[in-house]
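One chain, chain A, appears in both complexes that follow, with chain B as partner in the first and chain C in the second.
Now for the complex of A and B:
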């Protein structure tokens, strides 16, 4: 593994010179809120121990994306994606990108998604670790090391005024050559050890579908959908067609299982008619269906949904409760969790 | 949609959407035509049955989608074909104009007036004047978003005591918890209540979460802390059986508003009134707490005082935020626009503000009814503007300032000043405050023959 040792200032000025080739998405403050944003100058980048409030999934899976336009009988070209550097991505969010990769382009998914793929291939991920676990974070019990992720293309480590860049990807030399500093050959970092028991649901759909007190878990839910918007792995979408001045456009837009119209049939029937069914779908999708289909759990323990939920829904406690019920042990007392 | 190739302002005719009532103003326009009167070809007429039929959303949408101006004209008060349609419209328009001004739309872009069927001359003159005012302002500016301040959050310390919000100190939350548990156990074991809605610990979330206690044992999990800022009122609307709710003064104002709108029946639930000295969220005073007028709930069945006793102490409260009217008077249209657009930019249209709001109880929200929830990015800003302004209009004179919308927003959008500004305006115009009297009729559902015409063409602030 190549490691580049440079200073923060030199790194930022190297990034500045790369901005004519790349767009940069990085954590930055705007009006006091830290989030991944398209920055206009590398000086806006903030690498600290705070977790940006949304995940960077919008870079590869935008909230609204035009995937087709037709004017009269000619199909319009969808513009190319500009190469992008996503800087300061926390290990939980890097793991989440891996989940999205599996779902959209992985070997198991029968229909590789070209729109996701072209964005994902244009993105270079610069990881950055956490020093401390934040309130509500549970990456540790999800088996994700918070200080390092080998899944990134490069990983940033700060050492006072110095910055160490560990290059994990090969084939990006033309990019990494742009960074000055002392280059050394380092032994690859060992896989982070995990001593905790990993939080998972080892049960079939039928074991928990009707037997768990879903209503109790979700009593405080107000159905706002915030959890799905800020979740790094939620990826349900729908299509919308619009027509303006004779040009028909098809957009792919995020959907949310927390909305009453999610899976509403044209007949008026909705198999998920109340928040109980909708929350069950959310938990099952992350902890049962995706593991079954793709072999990994689609929850990274970033804790965003727990911290942001206006109704106090806590997916971690719900999953723990499901597990304890499966094992016949403790159960949640009193009302919603 | 916003036209990127805006015409040269020197050689340009404004595009003004004109909503005309069928019985008077439309006939007035007809008369102007048959009388061969000249007026600028700047208006696009939409005929409506009555000025009272004009949903404020139409006006907001026209502006958000790029109209240079909007004109509304109906029958003179007293002449309405439907007797009182224009009387309700008059209040609605005055309030809407204040809302648009608060959000940074120049007042001259939206004009309300009355033209009768016999006033062809007046119609031509009104259109000429409105066109001239809009022409002076130039084409509607695109919904551009000002640069944010690229700075981190400035952590404020708990300023509740230093700002003399409560001079006698803060409530004793431990004692309040003890008393709340006692009361709840009693209510549940005696069968007076089937469920007590309160809070439980949720350390991961950083503040307590709603708890629905159904047994006396559950009641032992109830807590009351300095960050019990969530408004529990919306859960009352879904409660099955007889519910008791632990309610702060702001929660009770929400309840009173729902009672006055016949959404709740007083005999169906029990209010455990909690004395409150202002709540804290993530180290800041929670949304709404800065402007809260009282430590004592306005309606209750049983009492948890600040010291856990059975009587309120009446902690002295003092608003620490300047009022919105003052801010409104002292800043320019551009500053107001810039503040509004900064907030709009943060919004991700998740609608959690609506979901958390006790006043937003429509079974199907207007956005789900008449707008697609997601639209292409280039018109998304217009959708956000339309959503927030229409919601503000729906809450005019109904918002009780509990701050639930700001507290629930995951992006930190703070638009409470719009609702506060409208409430101050409605109080000054019509002498009505929401959340005070369950018997009172909301100012927007009422009119007087001599209502002031604020914001009307040629009238006060017009």
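Now for the complex of A and C:
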């Protein structure tokens, strides 16, 4: 593994020179809130121990994306996307990108999603670890090391005024050559050890679908959908069409399984007509259906849905309760809240 | 290949199917800009420009290559806009999507089609394809029970004589309540199939119609001794993308758009009852 040792100031200066080739998404404050934002100058980048408010999901799966236009009987081209550097991505959010990769373009996804693919391929991920767990976080019991992720293209480590960039991806030489500093060959960083039993659901869907107290878990839900909008792995969507001056445009917009109309048929029939069914869908999609279909659990333990829920819904406690009802073998030990 | 890009299809012909006050069903014959190869049971996503997109099962046989047919009941915004279109207008379609009826597995068996109302539309590609001379010898006796609320609610009635005169075929029609001059059956299909003679041991039943009909019928077929893997149906769900991504049509971990829409009762038995 190649490692670049530089200074924070030199790194930011090198990023500045890359901005004619790349857009940069990075943690940055606005109105006191740290979030991944498109920055106009690398000086705005904040690498600290706070977890950004949302994940960088919008870079590869925008909340509203034009995917089609039809004018004069012809399908129009969608403009190319600009290459992007996503800087300071926490290990939980890097893991979430793996989930989205599987769903949209993975080998068992059957229909690779061209809009996701072109953004994902245009994105270079610079990871940055957490020093301490935040309130509501449970990445540890989800088996994700908070200090490091080898799934990034490069991983940032700070050492006083210095910055060390561990390069995990090959084939990005023209990008990484743009960074000055001392390049050394280092042994690969070991994945952080995790002593916790991993929180997952190993039961079949039929074992828990009708047997768990879903109403109880979702009692406080007001159906706002915040949990799904703020989730780094949620990816459900709806199409919205507009027509202006004979040009039809189709936009892919985030949708939420927590909304009553999400599954409403034109006939009036609704397969998930109550919030019990909708919350069950949310939990089972992440902990049962995606594991069954793609082989990985679609919850990173980032805790955002728990911290943001006005109704106090807690997916971790729900999953732990499901496991305790299933019996001791599934009970997770370790991992403080 | 981009599965989200539609292509144009021109409306060649519009046929008013129902004459009842309770439902307005029309069949559209379309000429797609490029030929569309599909299998019985599959569906397309139809765009009415400026209104939206919705999924519809093919209603014509795949052996007809230049045109396709869709049978549309006016129900929501897309179907309402569809009904306002006329011959010569264009729509946009993408597909085909979904699985299909397992015609190879059904080889050598008798077939019992039961359709309720508009449920005949997704069965029609299978019915017509199996009547093709190269396919018909591969299947045995055909029973058909076509149900409608009233005589005004039948669809594809112009096909019935042709089907009834097909080789080794028994076609029956039924309506919910008696009407003057009606010489067909009266009553719900799940009550009527008990009086129809067929070889339970060697038959595939293919059902499509309202969920309440499917449920009652499949229970009756099972009670009569038919194995669940030989009772087939096709499901409807809200399917925005058609490609297993948008998260609306799943029943448990199965997606109706890519794992279905055709399922056997044996498969449905293993899935949550969330449809």
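In the analysis below, the second predicted complex is superposed on the first by the 327 of 337 C-alpha atoms of A that agree within 3 Å, B and C clash if a C-alpha of one lies under 4 Å from a C-alpha of the other, contacts with A are read in each partner's own complex, and residues count from 1 in each chain.
The rule is short, and it goes like this: a contact is a pair of C-beta atoms (placed from the backbone, for glycine too) under 8 Å apart; a residue touches a chain by one contact, two chains touch by 3 or more.
Bear in mind that the values here come from a model prediction, so they are computed numbers and not experimental data.
Model built by superposing both complexes on chain A: chain B and chain C fit together without a clash. Within the superposed three-chain model, A:226 lies in touch with chain B and out of touch with chain C [touch as defined at top].
When the two complexes are overlaid on their common chain A, residue A:114 makes contact with chain C while staying clear of chain B.
In the superposition on chain A, contact of A:31 is made with chain B only, not with chain C. Touch criterion not met for A:279: it reaches neither chain B nor chain C.
By the touch criterion stated above, A:242 is placed in contact with chain B and with chain C alike. Within the superposed three-chain model, A:251 lies in touch with chain B and out of touch with chain C [touch as defined at top].
Legend: residue contacts after superposition of the two complexes on their common chain; A:61 is shown touching neither chain B nor chain C. Geometry note, superposition on chain A: angle between chain B and chain C about the Cα centre of chain A is 90 degrees, to the nearest 10.
Looking at the shared chain after the overlay, A:266 reaches chain C, while chain B stays out of its contact range.
Closest CA pair between chain B and chain C after superposition: 12 Å apart.
Annotation: chain A residues 240, 242 touch chain B in one complex and chain C in the other. Note for the complex: chain A touches chain C at residues 67-68, 70, 73, 75, 103-104, 109-111, 113-115, 205-206, 209-210, 235-243, 248, 250, 255, 257, 262-267, 269, 271-272, 277, 281, 284-285, 288-289, 292-293.
Within the complex formed with chain A, the residues of chain C that make contact are 2-8, 47, 49-54, 75-79, 90, 92, 211, 236-238, 240-241, 243-248, 250-253, 258, 270, 272, 274-275.
On the chain A side of its complex with chain B, the touching residues are 28-34, 44, 46, 53-54, 62-64, 66, 135-136, 138, 219-220, 222-226, 229-230, 240, 242, 244, 249, 251, 253-254, 261, 303, 306-314, 316-317, 333-337.
Partner chain A is touched in their complex by these residues of chain B: 1, 148-154, 200, 202-206, 208-215, 217-218, 221, 230, 234-235, 342, 346, 348, 350-352, 354-356, 368, 372-377, 380, 404, 407-408, 410-412.
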